[in-house]
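Please read through the structure below; I'll follow up with questions.
Just so it is clear, A, B, C and D label the chains in written order, and each chain counts residues from 1 on its own.
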Amino acid sequence: MHVSTDILTWTAVILTLGIFSFLWKDNPFYKFCEHLFVGVSLGYFISLTWYNAVYPDLFRPLFVQPLSEVSLGNKLLLIIPLLLGLCYFCRFIPRVSWLVRFPMAFVLGWGAGVTIPAVFQTSIIKQMQGTFLTPGIFARWDVFLWAIVSFVGVICSVFYFFFSREHKGALKLASETGIVFLMVGFGASFGYTVMARMSLLIGRFQFLLRDWLGMIR
Amino acid sequence: MIALLILLLAAGQVAPLDSGVPALAPPPAPPGAVRAFDTPNDAGKSINVRWSAADKLAETWLVERTEPDSVKVIASNKPGEMSYLDEDVRDGIPYAYRVAAVTAADTVWSEPSPAVTSSPQFFNLSRINILIAMAIFFVLVIYYIETAKKGKNLFVRRIAGLDAVEEAVGRATEMGKPIVYVPGLGSVADIATIASLNILGEVAKKTAQYDSALLVPNRDPIVYTVAREIVKESYTKAGRPDAFKPDSVFFVTSEQFAFAAAVDGLMVREKPATNFFLGMFWAESLVLAETGAQTGAIQIAGTDSVFQLPFFITACDYTLIGEELYAASAYLSREPLLLGSLKGQDYGKMVILLTLVIGSALLLLSRLPALGFFSHVLGFFSTR
Amino acid sequence: MKRTIPLAIVLIMGITMMVQFFVPHPVSVGFYDLTTKWIRIVGAFALVLGTGSFIMFHSDKVRRRRQGWYYSIVSLIALVVTAVIGLGWGIRPGSILQNVIYASVLVPLNATMFAILAFYMASAAYRAFRARTREAALLLVAAFVVMLGMVPVGAAIWGKLPELAEWVLSVPNMAAKRAIIFGVALGGIATSLKVILGIERGWLGGGKQ
Amino acid sequence: MKFFEYLLKIDRRIIYIVMGVLVIIPLVKPLGLGVSSGPRAKTLFDAVDSIPAGKTLLLSVDFDPSSMPELYPMLAALMRHAFAKDVKVLLCGLWVTGAGLADKAVTEIPPEYGKKYGDDVVYLGWKAGIDAVILGMGENIRNVFPTDYYGHPLESLAMMQSVQRLRDIPMAVAISAGTPGYTDWLNFAQSRYGLKLGAGVTAVSAADAYPYLQTGQLTGLLAGMKGGAEYEVLIQKNEYSKAYMPAVAAMDSQSLAHVVILLLVIIGNVAYFATRKRGA
């Protein structure tokens, strides 16, 4: 077992223990780490956004590249997103703060316009195609049985989320079956969430035991 | 050039150069049904070439393109691949294609296909199914929003979690303990937060009538300002403007876990009779629900985050699952916009279910010999 | 003017992008490429908005000496130092930003923040997860099956457990998730439609004009 | 009944200590419970295995450090598998915080197989605008990534000559911790460009991927650390790698941790119902 002497590993260890200390009691060491975390992650995001988006897509073609590489037409075109982006600044100037609505409108409108057909394609049409009962279900008894069970499960679960009529009679039976499917579905998510959190904890302990204390390979 | 030489050899019956060559294999039959057509539903500049193999002898296929000023072999395919997508063509120029079956000894060309020009299309026919689905759903949503606007009473069924609200506020008043209402950690743009704020308005009306204490901690500064307005308005509507305490609605912090820790401290100190956790939640939902359960309060939770619902369902007394949260806010606020779009979505779901049932019936019937064409139903739902 | 133009932009952009989805013509594909580039640029400026409110929030807390103000100084210094190093010496691998700040500060903080959730999970499992209702009991049973079925020890307890876990995941869970996907998809589409048609105006941020 | 009341009042820090100790023990002294191999991991393995040498496997790094324990072993195993089969690897990412992780993989793993940057592996870097990035890559990769993460123009990289757009790539695997992630690759690449798509996801979002597996949109799935361990075992069994297998080593702790959680739930409920019946 040989403890690492690398300053960077020690920084990481101190910060890891700082966050773990919140489990015992909320303390100044934890508060320091948390505020450090918020500041560093925003600074990191700004740096990456500049080098990966703003500089190559806007700054270089507009200001750095000569007219031979980027035609005047394209340069003028780039003025539009630049102006739209600058409108975000107006949010802090009370008199013109409504200008921030222009870039928001552009982003929201574009996003909604792109999302609606894509969601129809992948989440509705494609999923419906997967839900249909096809002649293929007659292949084997268990394939047939589970295909019917799944089909009924989808129908009943959707009926559980039906709000236009009181759940009585047949609708009550359907929504009761639906809730059973939903609960098993949530149970599966619960099981996987436990698995995920445990993996993260194990990952942190592996870091402490291997990179810091050198106790495991 | 080599092809020419081989042809000469075969045609001229000249003795084969090396005697080791076995008797010449019979020449392969030319590929049949050579078809070239402009690739549909695309941005142009691409032509599809298809052919069928007359026999099994061909080892490779050669595809040759003739355009007004040049003739070029553009591809050589393995025996199995009997199609080629030619994408370095220009729109509006006529092209003709020939395909050759090539074996070690022979190259036999097919008849040239009729000339074809590539062109872009203005509508992608393979996406007609998505267009129809969109049209149906848009009509439903807009129709119901309009009817709701005209004041027509739209029925929304009772939701389990909401019955508990009446009882929960009553219990708080009897025990003389406060109610903690957490409108989630999301922002004003999240649907779940908007739904939660609508429900907060109704809960505030009840706490005004019963004169019990209401505490509303917030994580988002904008949600905090909106929440305070809503509670103030509810107290005035309930005829108790004086009972409204401004600092009962307060901003805590925007850091996720610091907020959870602060609300935990509040619940342990105040020992509220009822906790409401309605809105957007992330991993901190566990921290809140656990501490709340420990203090013995009735807990009513609601979120549309599938990952956090399992924790609320097991740790709280009542849970509004996903769309029930939206329906609850439409039900309580009776706001035409919310009612209309909720009804539109409801009947949208019914259209999906109906299509699934009828479609499945047709598909299963398609096994019968006479009704084979029903199998195209599945094709209609394919996506490219 | 301050409301009609943004609403017009949302309507025009929404409709054009929906139509563009159905038109494979090069002009439409070209329009798509152009607008996607613009979205990336405008998106980067939105970050400026976030940074601005972050700085205002923390500097206000320091100026007013409100409770815990010295922690806000830590946040502000951390932001400035990281941004200066990142923008100054670049983000290429081996740069200070990547080797020091990213690997030894951001990674441990981010990973540990999630790791402590495992501990909360343990205490909540013991103190809060009750089979209060029929539904909660059903949920816990399904969770047991999946949790045990997904790890080798489950197979040791009962040979068929992994198979049962696989069945729970591919039949009931799949049916439930598909129903939820339909509901969420329609919900999202309805909201997007209301934004495009100007029925949903929450994003305008209220205000009199 | 006093005993049950005491049980319910246990301070949560005691539970934390019990949990911590039980997870650390197997890490230091493995119990050797082994790893079962699921069908989903095998499907993905076979799909990657069938990629002809010289072709390119696209890996999208859409996760951040907090999901590293679950997803980084998958990234490493997939790269080792590709290199062992002389398949070229192209990396890109939709998460800004994933950039550092992809860079770590590109610096550490290729040397194990004597692979050179630019010829056998290229990392394009991270880009904002999720659907804009994927659709852009579908039309022409250079539109979205004029240069790679290290600033070299794509023309200068030998491997990129044969890869202009998504149609030139036989298969992609999206390793995602949430959104943006594999669902975006499904929405904007798989259906639009017919790209064969596999996914590596965190355990928590695995349950939601099943509908897409059933429709065939997804070719194979690695779920959580267990999925990573299964893939590590598969590439080791086929002699594609002899490297240390972090995910497999962690599976013993994972097993023990799950058993602890289940026991805690059971004891908690027993104590709850015992006291409630008497106290009600």
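Throughout what follows, a residue touches a chain if its C-beta (ideal position, glycine included) is under 8 Å from a C-beta of that chain, and two chains touch if they have at least 3 such contacts.
This structure is a prediction, so every number in the text was calculated from the model and none was measured.
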*Centre-most chain [mean C-alpha coordinates]*: A
*Could you let me know which interface, A-D or A-C, is made of more C-beta pairs in contact?*
A-C
*Compute the distance, rounded to whole Å, between the mean C-alpha positions of chain B and chain D.*
22
*Report, in whole Å, the distance between the mean C-alpha point of chain A and the mean C-alpha point of chain C.*
4
*chain A to chain D: how many Å between their CA centres?*
15
*Where the centres are mean C-alpha positions, what is the separation of chain C from chain D, in Å?*
18
*For chain B, which residues are shared contacts with two or more other chains?*
127, 130, 134, 257, 306-307, 310-311, 313-314, 322-323, 349, 352, 383
*Residues of chain D engaged with two or more neighbouring chains*: 16, 23, 66-69, 97, 99, 127-129, 131, 191, 203-208, 211, 214, 223-224, 226, 254, 257-258, 261
*Enumerate the residues of chain A that touch no fewer than two other chains.*
22-23, 31, 34, 38, 41, 44-45, 48-49, 52-53, 114, 116-122, 124, 126-127, 129-131, 151, 154, 158, 161, 182-183, 185-195, 198, 200-201, 203-204
*asked:* Per the contact definition, I'd like the list of chain A residues that touch chain B in the complex.
replied: 22, 26, 31, 34, 38, 116-117, 120-122, 124-126, 128-129, 131-135, 138, 151, 154-155, 158-159, 161-167, 182-183, 186-187, 189-190, 193
*Touch list for chain A against partner chain C, complex*: 8-9, 11-13, 15-16, 19-20, 22-23, 31-54, 57-58, 77-78, 80-82, 84-86, 88-89, 91-92, 98, 100-120, 123-124, 127, 130-131, 146, 149-154, 157-158, 160-161, 178-195, 197-198, 200-201, 203-204, 207
*What part of chain B is in contact with chain C in the complex they form?*
41-45, 120-124, 127, 130-131, 134, 137-138, 141-142, 145, 188-189, 191, 194, 221, 254, 257, 283, 286-287, 289-290, 293-294, 304, 306, 310-311, 313-315, 317, 322-323, 326, 337, 341, 344-345, 348-349, 352
_Quick check: in the complex, which residue numbers of chain C touch chain A?_
2-3, 5-7, 9-18, 20-22, 34-35, 37-52, 54, 56, 68, 71-72, 74-83, 85-87, 90-91, 97, 99-119, 121, 135-136, 138-147, 150-151, 165, 167-186, 188-189, 192-193, 195-196, 203-205, 207, 209
_Applying the document's contact rule, which stretches of chain C touch chain D when the two form their complex?_
29, 32-33, 36-37, 39-40, 43-44, 91-93, 98, 102-103, 106-108, 110-111, 113-114, 118-119, 121-123, 125-131, 140, 144, 146-148, 150-156, 162, 166, 169-170, 173-174, 177-178, 181
